[in-house]
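Look for subunit A in each of the two complexes below; its partner is subunit B in the first and subunit C in the second.
Let's look at the complex of A and B:
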């Protein structure tokens, strides 16, 4: 164990502080700028005003975008959770040829850059309009990443669950499906929560696919923000961002509180 | 002789995986209230046999009858078996009481009756005060008792124990197995018990089924398998064995004057051999050099290296430990100490 008082310990402390500044600095700038009394984004902020918040909350585009994002991310989280968990159960509980390959294929969308996926999907939907444009198309596209995210979280969790648990439940009189729902699913609960949160946050924050595949009418918040940041760089954008940061903070604290329960 | 119809019958039960045979045509009948141990080294097919009875492994051949009913193809949840798993497999999100009540709920036992039966089981296993705890808040021994209680509370036709003591430390293990045996006798539970520990099997079984490479080598009481082993494998797996092969009945293949009544494979248990310092004289004696002595508390063990190169294992009183390694000594035995092994392998 390295003592924090040793010379090397001081270097470690300095590194930790610098890392925090690097990670949290941009967030701090955005939050600070949102309170600026100027008509443009300014840092350090000049004066103090809440009017950009008032303006953001009064702007129907942001509000609409927020609810579209909520609907999108909520649907993606639930669907990813169901499909991803089912796939994870199949991949851990059954032995069949090509299992390892299938696992790799399932996880592969995670390593593709978002833009590549977005362009590929645009071309795909142009040739095969399998889903109606707008939200349904976006939901299906987000599942391509949401399902692997859930899978990534649930695979190790499932591998840790003793397969004898379900056998014990069956031995005591529970049919196989009931055994899964009564015993395995509750054992997976903390993992399920984390996986759903991950899929939700991904979908809520995603820009590229939303930009390429979404419709102008049902634009998620990220797309609205993107547009606003290009058109008029006033502190409203910063105010919306600050509120999103607050929302993420609340979710994170809630998840930690749930996990430590 | 009264004929009691057996509770559990295995008829020519076999399980093959591709070209390998896990269990080869096994016949076994367990009487009501009897505890039968499936004993053998790992990979001998004992666990596969138990899992076939529980319904987790499908037999390739043969039948399983429980209380006269053919359950060979019945799914696990419809069979009336209560299994204690090696890992205990306690439900981590349920309390002790909820774990024990699980099987009763599945059977639709009314709440008041279920609560009463759980309470009785909790008292029987001395788990009072722990009802509201989660499994992870229990010691290994307590977890094991919950696993036993969960399997027994449903009054199964047969109790299946899969190495239930292997996760306990040595001291706890002996106490726990005696406790389980007492419970099993008191409640008259028909029990099939899988273990690789011959001492454990000897200590608590009515009969032992010794298995090797998927085959049932011998079925008998602990005394029978120890005193009259059917095969060389049984002789050396149950207790310790000195084995001699003799073609003329007088000498073993490596030239020891056995004094056996005839040709065959002969077993000489270490505790039947006496050691002294006088020279060897005629059949039933052989001189050698003491190689290792170990003091065991209740007695002692010595290894005698014989001129032909063979090591003879001797067990006797604690005084045996006073022998000095390197000292000459003579081993002696009499004709009745030798047991003929009928099977060859």
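Let's look at the complex of A and C:
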């Protein structure tokens, strides 16, 4: 193998370190700037103060946005998990013509631009108001990406679980449904957790559909932040961003801890 | 016979919710988008308007150029890091890979805002450039094409690294060793062996990042500022601000055509690569 101690190895290392700084530096900058004791955004921060956090936590727009986002992402994660896992079971445990094609079609929203999906849905709802505007509309729209995300995680997981185990349980007298819940489902648990986390994060972080389909009253946090960031360089936005970075960190650590259990 | 019919019914029942979501929210709206972009009487008028106006052609060119620049930057920066992570033998490698993908857990809005902090007139990056004397004293990177490239490349870099990492992990490191024991320098071994074998992954990552940059919205609109002439930002303006839906639908259809052709090229190139490997 290529020695990492050779001069060439050191060049590679130097590039990797610089790339690492480029990748994570901006997140560090925003956290540091959020503690600055100045009336404007300052990096490096001057002084230390929590006043931007107090301001952010006292701001109804951010608080409301956070709870709207939690409701949105929680509902999307649960619905995507149920709908996506059911479809994944059908696609892996049953043989029928056109199965591979159906799988490819179901996954296709993942490769299309979110903005195009958002525009198409905006025009669609204007002509066919199938869901009330605001949060319900946004929830069912997020399923369009949430379900494929769950499918992408669960299809390989289900392919790895041997169907013979479930058949064995059935041969021993368990009804099919009971065999599934007692034998297959426990083996799927880590996959289910990862899939739900993925759908939750997508929905919580998504901004294009939220901008197009959300109502002003039920604006998710990303939409509130997008509007605030466009207006001015407000340190409160940095404080909210820093809290979101912390939340993402906690979620990632929890997901890892669960996966490595 | 009776049992197989029941099995078929169960399969249909399991698939029905996903099929409903897909038909109602994907197939129907996408068809509606095409129909709305071609009003009766003058079906191609919206497309002619886009392709006949040098301003909109400039927007398209800008987005394609952005895709090209971001792909190059993420490839050049991503490969060394992905290579080191894939070849490292310390227990830190797993943690470093995790940290590399961490930005994907944070909204693009937050990550773009971080760049705005660095890029505005008094931001560190802008002041650094001002101090070199190459730019005017009130220069800021916000609103510049270079600023959007720097920010968007950082936003999409984890996707490139994760794709490359998976491919490099699959390449036997003994092949590099063999090339070097036959007299190749590390650079030549990397070029002739690793990069050749990682071609599929390099292509996959590049096409993915290209497609995502051409259609990116949050970063170009925040870092690019009010004068961000990119496809997604233009579609946003036409849909929500100017309310010109047939035109917005036409531009969205053009963007969709670009994404689909990139996805198809990707599939074909991958097929070719598999055939060559045989």
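Operating definition for what follows: the second predicted complex is superposed on the first by the 255 of 261 C-alpha atoms of A that agree within 3 Å, B and C clash if a C-alpha of one lies under 4 Å from a C-alpha of the other, contacts with A are read in each partner's own complex, and residues count from 1 in each chain.
We take it that a contact is a pair of C-beta atoms (placed from the backbone, for glycine too) under 8 Å apart; a residue touches a chain by one contact, two chains touch by 3 or more.
None of these values were measured; they are calculated from a predicted model.
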Clash or fit (per the criteria above) of subunit B with subunit C on subunit A: fit
First, second, both or neither for A:173, with subunit B first and subunit C second: first
Touched partner set for A:212, first subunit B, second subunit C, both or neither: second
Comparing the two partners subunit B and subunit C, which touches a greater set of residues in subunit A: C
Which superposed partner A:21 touches (first subunit B, second subunit C, both, neither): neither
Touching partner for A:109 - first (subunit B), second (subunit C), both, neither: second
Touched partner set for A:33, first subunit B, second subunit C, both or neither: second
Partner chain(s) touched by A:259 [first = subunit B, second = subunit C, both, neither]: neither
First (subunit B), second (subunit C), both or neither touched by A:50: neither
Gap in Å between nearest CA atoms once subunit C and subunit B share a frame through chain A: 8
Complex contacts: residues of subunit A adjacent to subunit C: 1-4, 6, 8-9, 12-13, 15-16, 18-20, 22-24, 26-27, 29-30, 33, 40-41, 43-44, 82-84, 86-87, 89-91, 93-94, 96, 102, 105-106, 108-109, 111-117, 119-124, 126-128, 130, 140-141, 143-144, 147, 151, 201, 204-208, 211-212, 222, 225-226, 229-230, 233, 237-238, 241, 244-245, 248-249, 251-252, 256
Residue ranges of subunit A touching subunit B (in the complex, touch as defined): 162, 164-165, 167-176, 179, 183, 186-187, 189
Partner subunit A, residues of subunit C touching it in the complex: 7-8, 10-12, 14-15, 17-19, 21-22, 24-26, 28-30, 32-33, 36, 77-78, 80-81, 83-85, 87-88, 96, 98-100, 102-103, 105-118, 120, 122-124, 154, 157-158, 173-174, 176-177, 180, 185-187, 189-190, 211-212, 214-215, 217-218, 221-222, 232, 235-236, 239-240, 245, 248-249, 252, 255-256, 259-260, 263
In the complex with subunit A, residue positions of subunit B that touch it: 54-56, 75-77, 79, 81-83, 85-87, 89-93, 102-103, 106-107, 150-151, 154
